[in-house]
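Two complexes come next, and they have one chain in common, chain A, joined by chain B in the first and chain C in the second.
Right after this comes the complex of A and B.
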């Protein structure tokens, strides 16, 4: 495994960028996705439309195009690196899918929970935060888990815009060493180092919540 | 002073005329029972009082606030008007004690120690102090409903609305819930409006009985007058039907 040893620091740098982009995008898309999910279940027609348009736009355009849009167009106005452009695109793209998962979770909670809370004097926001969302997330966990794993794999989009991630570094190592097969095996294993513990943790969470229910 | 006042209220669901020319005045401290066949608009009427249903026409004054006025902050009314539902609607993700303490904490900003003391007192009152740390899923229907009543009482409301509180309960559970409601009617000076099919409860507790059918109030009389000598043929028929059960 001399290829691995020789390029260890390069792989590690790629791994670090992939991990970082994944964490930023995960937190960001969870927050954004939840906001747009809530907008879609409010009584306000305007909020519902905005939420809906957002989800439809980012869910139905290839991630690569959103990434290039930020890297080529937006970066002209607001200076940003490929890493930043890619991470923003990944966040927006994933948040549309998360909004759908969270919205489905909210809709699965019986209407009586919201009515009980509102009749009890809570505002819509309080009822959402304290009563509806905690129950909705429980329901949405398997589907959110899928989105998070997809997100980590989709972060390879950064390679297209010089994002210094695993895939980007892998491409360089492969080009220099001519050993594409070994290089991409190593890259694949590095992705597993993130995605396997993530899958395991989500399964664990699912079992734990099932027991409590 | 009237706590709740309907003036020529109309309510539609699409083409369906759910509330038809409703005029009704309930004074502070009164206990009023609302009866009628299913689909008569009883639940719709009671749900307009805390804004769970909106009215299309007329005026609805609750605790001095006009519900049909867009400027009215509905949360101010809900602070003072509690509701007990047919299906309890307890918070499934909170313990019994938390169910009771949540709204006083978030809405009234009641001191935490005081909040807990009041909540435990109320659980004591409904006979469920030993269930304080249980989750709602672990309770029977009757126990859930008594917790729901305690949750409403914790806000110290001026009025309490009961929307068929015993209709979803097994027969052996109904008595405990009605006992709790009876005590409230006897011991408190709250305004109570109860939609129910429990005629013995109505006879024992109500100051007044309102009979509804097809979205209209057909009869509004003192309890005694209503049960002894109902004037409306439909009320007579309804009474004979429910009393033969």
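Right after this comes the complex of A and C.
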């Protein structure tokens, strides 16, 4: 317990960075992911293939490689900290998965909705924003929630680039105190504080959706 | 362009490909082990044994909601404190297996729940025991439906092995880091080639998953 008390401020700082990176990456990847999802369902062949290639590439390579790319290569041209590099990589990586969730949401909406909206004089953009996306997001909420849990867990990648997050601080405390076991248990509890309630809430939502269906 | 390829001397290429071998090796051993453990846990969920199933379910949820990187570090750095020393390779396999079993257990449970109740009833009515029903009738049908999600778990497993570079497992990512540590001009070429190798491997796997998806639909 004294290990926890002695290093409380360090853990809290790590927790703050993990939370901050997760929230930045969540907002960024929701925006990017939605854009790429819409690109994949438009009529334009170019937009569709760009959306497709983006999603396939980022889904199939390790997050660590993307992070290292920003930290080692991009940071040489544009100065950035490990925290920034890691958060950008996290955003790009997660946006590919969010694009898939949102795309599935959009495809689950009847084609008649789009046709009806267009027939009533809405442009494609308007129909998307006002009619399709609100319904699509509702369908996609459980899977978006799971992506957010993954995002929080994946934010531990920041530890590789000195991103000051929970995992990074935990490694330092573990190295200084020699009590690796207790330290990692504490770090794990901090992560669970965010992820576990979320995961139970999503399970609850899924049950509710299943019952309504 | 010649600068780009100068990173890939025969020795470096061989070294990288050896890393790919370790990546693939860890992935295959881990996926086989986690299929076995994941199936057992999934069946425990499905059978709803009083107290036991919900206990296992809680543990499973905790494992699923922890970062894999933490589980890897815990296995390699914290378990020795309890007197359990694992070599790097097996520490990675154990960490991957624990994490992936938890993921696969959910998939197995989902697959079992998707099998029609009539299949159980029919098998039991024909005199098969509970075990026989599971083994001969239900599991084969469930696994057929589970092939695509299992392959996507395999894809994340292959990607996640890169995290083991954090405990200095000499897999693909770690070996790439060793090569560009010799010369900073190698950073971009090595990262590009590693991206390509991971992409081809995982995209190939995702095509197989898609093929099964179409075939089973």
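As a working rule, the second predicted complex is superposed on the first by the 197 of 213 C-alpha atoms of A that agree within 3 Å, B and C clash if a C-alpha of one lies under 4 Å from a C-alpha of the other, contacts with A are read in each partner's own complex, and residues count from 1 in each chain.
We take it that a contact is a pair of C-beta atoms (placed from the backbone, for glycine too) under 8 Å apart; a residue touches a chain by one contact, two chains touch by 3 or more.
What you see is a predicted model, and the numbers here were worked out from it, not measured in a lab.
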| item | value |
| --- | --- |
| Contacts of A:160 with chain B and chain C, given as first, second, both or neither | second |
| Which superposed partner A:119 touches (first chain B, second chain C, both, neither) | first |
| Which partner, chain B or chain C, touches more chain A residues | C |
| Contacts of A:196 with chain B and chain C, given as first, second, both or neither | second |
| First, second, both or neither for A:184, with chain B first and chain C second | second |
| Which superposed partner A:135 touches (first chain B, second chain C, both, neither) | first |
| First (chain B), second (chain C), both or neither touched by A:56 | second |
| Partner chain(s) touched by A:64 [first = chain B, second = chain C, both, neither] | second |
| Chain A residues within the chain B interface of the complex | 112-113, 115-123, 126, 130-131, 134-135, 213 |
| In the complex with chain C, residue positions of chain A that touch it | 56-57, 59-65, 68-69, 72-73, 149, 153-157, 159-160, 167, 170-171, 174, 179-181, 183-185, 187-188, 191-192, 195-196, 199-200 |
| Chain B residues touching chain A - in the complex, by the definition given at the top | 50, 52, 75, 78-79, 82-83, 85, 87-94, 102-103, 106-108, 137, 148, 151-152, 155 |
| Touching residues (chain side chain C, partner chain A) in the complex | 61-62, 64-70, 73-74, 77-78, 81-82, 155, 159-160, 162-163, 165-166, 173, 177, 180, 187-188, 191, 194-195, 198-199, 202-203, 206 |
